[in-house]
Amino acid sequence: MRFEEAYSGNVFIGATPEVEEADTIIYGMPMDWTVSFRPGSRFGPKRVREVSLVLEEYSPYLRRDLSEVKYYDAGDIPLAFGNPEKSVHQIGNFVAKVLEQKKMPLGIGGEHLVTWPVVREVSKYYNKLAVIHLDAHADLRTDYEGEIYSHATPLRKIAQLIGPENVYQFGIRSGTREEFQYAEGEKIHFHPFDVLEPLKKSLPELEGRPVYVTVDIDVLDPAFAPGTGTPEPGGISSSELLEAIHAISRSGVKVVGADLVEVAPAYDPTEQTPVTAAKVIREMLLGFSK
Amino acid sequence: MRFEEAYSGNVFIGATPEVEEADTIIYGMPMDWTVSFRPGSRFGPKRVREVSLVLEEYSPYLRRDLSEVKYYDAGDIPLAFGNPEKSVHQIGNFVAKVLEQKKMPLGIGGEHLVTWPVVREVSKYYNKLAVIHLDAHADLRTDYEGEIYSHATPLRKIAQLIGPENVYQFGIRSGTREEFQYAEGEKIHFHPFDVLEPLKKSLPELEGRPVYVTVDIDVLDPAFAPGTGTPEPGGISSSELLEAIHAISRSGVKVVGADLVEVAPAYDPTEQTPVTAAKVIREMLLGFSK
Amino acid sequence: MRFEEAYSGNVFIGATPEVEEADTIIYGMPMDWTVSFRPGSRFGPKRVREVSLVLEEYSPYLRRDLSEVKYYDAGDIPLAFGNPEKSVHQIGNFVAKVLEQKKMPLGIGGEHLVTWPVVREVSKYYNKLAVIHLDAHADLRTDYEGEIYSHATPLRKIAQLIGPENVYQFGIRSGTREEFQYAEGEKIHFHPFDVLEPLKKSLPELEGRPVYVTVDIDVLDPAFAPGTGTPEPGGISSSELLEAIHAISRSGVKVVGADLVEVAPAYDPTEQTPVTAAKVIREMLLGFSK
Amino acid sequence: MRFEEAYSGNVFIGATPEVEEADTIIYGMPMDWTVSFRPGSRFGPKRVREVSLVLEEYSPYLRRDLSEVKYYDAGDIPLAFGNPEKSVHQIGNFVAKVLEQKKMPLGIGGEHLVTWPVVREVSKYYNKLAVIHLDAHADLRTDYEGEIYSHATPLRKIAQLIGPENVYQFGIRSGTREEFQYAEGEKIHFHPFDVLEPLKKSLPELEGRPVYVTVDIDVLDPAFAPGTGTPEPGGISSSELLEAIHAISRSGVKVVGADLVEVAPAYDPTEQTPVTAAKVIREMLLGFSK
Amino acid sequence: MRFEEAYSGNVFIGATPEVEEADTIIYGMPMDWTVSFRPGSRFGPKRVREVSLVLEEYSPYLRRDLSEVKYYDAGDIPLAFGNPEKSVHQIGNFVAKVLEQKKMPLGIGGEHLVTWPVVREVSKYYNKLAVIHLDAHADLRTDYEGEIYSHATPLRKIAQLIGPENVYQFGIRSGTREEFQYAEGEKIHFHPFDVLEPLKKSLPELEGRPVYVTVDIDVLDPAFAPGTGTPEPGGISSSELLEAIHAISRSGVKVVGADLVEVAPAYDPTEQTPVTAAKVIREMLLGFSK
Amino acid sequence: MRFEEAYSGNVFIGATPEVEEADTIIYGMPMDWTVSFRPGSRFGPKRVREVSLVLEEYSPYLRRDLSEVKYYDAGDIPLAFGNPEKSVHQIGNFVAKVLEQKKMPLGIGGEHLVTWPVVREVSKYYNKLAVIHLDAHADLRTDYEGEIYSHATPLRKIAQLIGPENVYQFGIRSGTREEFQYAEGEKIHFHPFDVLEPLKKSLPELEGRPVYVTVDIDVLDPAFAPGTGTPEPGGISSSELLEAIHAISRSGVKVVGADLVEVAPAYDPTEQTPVTAAKVIREMLLGFSK
């Protein structure tokens, strides 16, 4: 006798119960201890899974169905509350195991600092890794009031690791003067305010290269994603974000990992933020998987 | 002595207390028992009426005032909780009475299944009835996990009744592969994703014909209508929906009935969803009435 | 043909559509412009009606059914936004008409200032009128920062009109030092903090006398009624408030009017505050009506 | 390689991943289509699991730890949206499988109608089954506006099945006159308003007998459980409900099945309702298991 | 010893603690007693300050940092609850003091009536003052149901004071027929529905003139600003509003005062409305200050 | 010229603007990075101040007015986001300054870990310091999943510092088996579940001694304080908590410091939690100050 309902009811819609047959591993990174404004993104992964049931498994945009791709939902990585250094280590360890198994990591945050240990692991497996970063905030600080482990620093760390010339930022509309000066002075491919047009222009030059895609849900205007820690008015719409994912999917880049971060459900009683996150992840699954 | 306040305070703004002099009957269809995700649209009609007081009676878009049209608000139709078959019957009976009196039915939902019995009755009175359908979801299933009475099936039933060639769908961005194949293979006028441009192109061919207009509030992006049962990111804006109503109003089609469905107030503490629904209904009253 | 649903759906549960046959008139006093903290009680009457549908019509406490009493729901009195003086006048006019018709006024607020014009009218019809006042706040100020029309002053005005010896206050746990000194120095029957015990002791001395009962929902602890303008922790429970209404109902006093005020739905997404208010009003209808 | 996090993160706290070693099966019954007021309890089981992580695994009341009992969380039973008859059938089938395996069923609702098919199955396995029912509502109707499958009827059906003399009701404070007359006239052990005192008096006479315990979360005052479909002011506190569970646990009755129903998370942004439900279920697990 | 945290923590981000060195004075006008629908904007100024901490002090749009401008946050003006006439007087007195000190007034509302006493004072200091008004509502009534002090009248009063030819209105999409006729018949520069295009066309003719800018947050679509008293669907986006502020900043007009009104936080649990208001005020500070 | 409103409007009600004349310093400790369930108490201090305006300055319980005591509100201590060790250090430094000035520290949290550095400083100034601890949780762990800086450990640290025989715990109803064994085995004065009766029995033995009082708002049942990180059903009421503060106030103990922690406003849209916290702090100010 089996009671298999638990698995099918509490994972991302359409996930397979067999890890071995999966090409992609979905996992939550429930960390929010370094955020400077509203915490709560630790509950993002759970709520995204829960509301993923509102979606159809078929994407009329990509004309593909979730039944055509194989992914396993590994749940949330257990993390050390209030200890960013140890948490970063734990995330890195988990992703290393995913990569060893030759599976694609697809993470759900949590605050943006979680992207740092993931990219560090991914960069060990892929030469000339590039990062596509969609966000309202530059996240290019060296530290935040003295703390180097902060949700304001991951892209700076990544730029130093893989080289700023391999970082592509889109939609940035908030940061310190120093961050903007760094972004504009360095070789970062820095595209403030807009997403779709500069992204479409950048994709051809990335053709054939391994790319990690990191999306901060606050690249959306708060109207489209109010449930996030540091909402920043003046962003793009859900339609534009979906179109950006589709553009990457249809381009010649080779996505080798991705994440969607900063969903903080407590600030959005309408649940539109986790629903939108779930739809973006569905399109990532359908568009980025082979 | 009279205490007439009750009537004027609890009906849609500007409704006449005299049913006889009305050309249009507003009524609620408080049904939500077949929905697959978030129930609660049974409270939609009540809340739409309550918040309609935020509106002016004058529309600067149509340059017309509610005092120029006559409509009666009949309240909510009493329905059998949890019994879709009986509820569908009760709605049909009510609308039959409205049509007998030669008045235009203008319904507020409630889940989308309610449109099925209404159109069935309306189709008895009008030859060559066409249906204009604005929605995020195709609603073209034959059944939902075995249930033929489901919020996922009304347009399929309608297509079978009046012929798929008389169904015009706009804004659809969600459905199963089967629904999209049906829509694209059949003679349905199927316009996924967009609303305004294909609608404006379609209206001339409908000129002079009797048309029923059904609007699912989730045709709007969840940013504009979070208070609904199955929010689907990537939709149109309130401005576009209003412009769509105005386009129909100014075209040569003869609207003989309309509804606006799937307002679920519990998921929208901001009340913007029922407020938007109320404004759309005001424009329907001003634009669709003679 | 009739479409009578509107009336039955938007009035307090069980209300008769025929004003002539009613012994009691329910009416809303949607005023909140003088409140010092959170406004919004103008929407109290509407929401109390709407949620009254959650209730059974039968009270197992009083073993009586709403079908045994006759009451008409007159809706909300139209008031002049932002003009307390004129609003007070409008409420007085309305209640005068109710009393002329020899019907009992049963009002729903709205801020507590609304009780002042009602009691003024009621006192013209009944000799030796007493007032029973359940509240967290003394409401005994002469003015609030210079304003004599304020939600902090109605009981002072009433005490001056009918004599402090005819005012019975229960549950008071907030006020200025001056208010407490006035209450304790004057002949007011002043019972701070507690409700049930002092009320039961006071009722015998009121036997046979005409009594107006005014209940501020904030006499309840905020746990039981968070949806109010000036929540004051440390109050009584819903059970105790219901028991207080039952004690008055079973006593020999002759209730000639009553109100329940300060329900502000916007601050209570759970709706427990209007639901509790509706139940209290049901018990008033069953307990206070002949 | 294993990624076992999903199981540990999305089930009731402390549940074992191995169904075979479990003595008790937890399962959700996500049905809410027959409710007369606010739907949404279909999401109750999911949210109760999610927030169960707030709890310690140790109960200082019972001085027992969840590690001492073995239970498996089977997830939610898939049900036919909007079809109460089929849903009741599906629940019955599931529970039959649980009982065949000689495991104790511990269900989470969903509306109260779900208790009917469960008790029907349980009664096949245990002679002289008694039912302990804690609720605000009598649920003793023969039908609700004509529907026999309704959240207002389950205890009537159960009384007819196992005999009214085997039904023990506590805390009831709402119902029609007919329901109260039936309860008081029949041999039902009917204890309106109070819970703890009559329960403690009743337990000795149930000693040694198999008992099914069904708790409607609305037996609590809405202050303690606002997230429910038909809140009824005047109820008991969380402390009293916990003490009731402890009294049953320490008595000589043999609990053979239990459920907790009517948690509707959408109406409680504070999450106190699912948290309280989770704690009650923890105490049931610790107190009712051998 | 000093404990200076209180000042820095509870004022608009970056405000100087020294009033003398400030060029601009920020102040709240916590008035909402004349509003016709949802009150609560009295808490707007406080919440805007609180959430201003989410912002960076640097604007990448204007490439300027708050450290480059000097402004003092004077807190909220104490007003007479429920007395619009006295409140208008109190606001006027405060602003007169600000202008005497040759500092620019930058107010946060509060309902829109507050703009009337401010402009009256400002007009005493500047010849040929023009007013730029961004709003969903015309606010051109002579009275609202008899009340001349109403949130529906300020622009009519202003037009009469400074001459309709000096009033520029943008984005208006709601009003009575009379208001639209007045606006179109008088010499008001009246631009309904749109903001950006007509604003950019109008700015050149205002070059060199002193201008007061008043922004009603409801010029935004409710999707972008749900926390307001009279939400009106069909508005502009946050991006467009920011661009409008930037257009004024970069034009040759001389801004001599500004306000942003009608933020009512209670209706927006996501806080996106006060966050957007705070960002608009940051851009006003950076763009309008010398 | 002065614009003093900012100070008076954004501090705890009745606070003096002159730090020198104050006997007590109120300060916020906006830390929540180590919490295991719902973060957000960093916003507790700000919201408590904001809603303190709902209170009268007079306490009818203690018959004393805030004008009779002198306290300064120092705002929130700036802390290092995500770095518990540094934050603990920053809090200690701040409190050391307060104690040097011979002023009483009265802190608002923030998570409970903040109490540890405060008591460490206070214990340097007072011989034989005792701690009175009101809480739902024992907070007696040595570490939380390896982290010694955790909201689950402060009382263990304090017990080790001042000796377990000087720690008095009341109301505890949650913890691990180890915590309960430690509490019951050590010399801690451990009073689980109840507060008032054991507190009143304990106070005489503390007479004359310096005492630090720490209140976790979750000692209240979630019905009375839903806005907290780890709600634990089965707690005391607001009335009982107020009475506990009054009992300490009237006893012969010498309160030398106090705090109220774990108010997390985001989870309580009703604001009753910060309102209750504000009232408790008012009673602490009136009862604990000389």
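Every chain is named by a letter (A, B, C, D, E and F) in the order it is written, and numbering of its residues begins at 1.
Convention: contacts are C-beta pairs under 8 Å (C-beta built on N, C-alpha and C of every residue); 3 or more make two chains touch, one makes a residue touch a chain.
Here the structure is a predicted model, which means the values were calculated and not measured.
Note on connectivity: the fewest chain-to-chain touch steps from chain B to chain D number 1.
Think of it this way: of B-C, C-E or C-F, only one pair shares over half of the B-D contact pairs by residue number, and it is C-E. Two copies of one chain, chain B and chain C, touch each other, and the residues they use overlap strongly: the shared fraction of interface numbers exceeds half. Ranked by distance of CA centroids from chain D, the top chain is E. Inter-chain centre distance (chain E to chain F, centres taken as mean C-alpha positions): 40 Å. In this assembly, the C-alpha centroid of chain C lies 38 Å from the C-alpha centroid of chain D. Averaged C-alpha coordinates put the centre of chain B at 54 Å from the centre of chain F.
Looking at chain D, one finds that residues 38, 78, 221, 223, 267, 269-270 touch two or more other chains. Contact topology of the protein chains: irregular, matching none of line, ring, star or complete.
Every pair of chains meeting the contact definition is listed here: A-B, A-D, A-E, A-F, B-C, B-D, B-E, C-D, C-E, C-F, D-F, E-F. Every residue of chain C that touches chain D in the complex is listed here, in rising order: 53-58, 60-61, 63, 65, 221, 223-224, 237-239, 242, 269-272, 275-276, 279. In the complex of the two chains, the chain E residues touching chain C come out as 32-36, 38-40, 42-43, 78, 80-84, 86, 144-147, 149-150, 266-267. Contact residues on chain D toward chain A in their complex (touch as defined above): 1-11, 19, 25, 27-28, 46, 49-50, 72-78, 97, 100-101, 269.
Chain A contributes residues 37-38, 172-177, 180, 192-193, 221-223, 226-227, 230-235, 267-270 to its touches with chain E in the complex.
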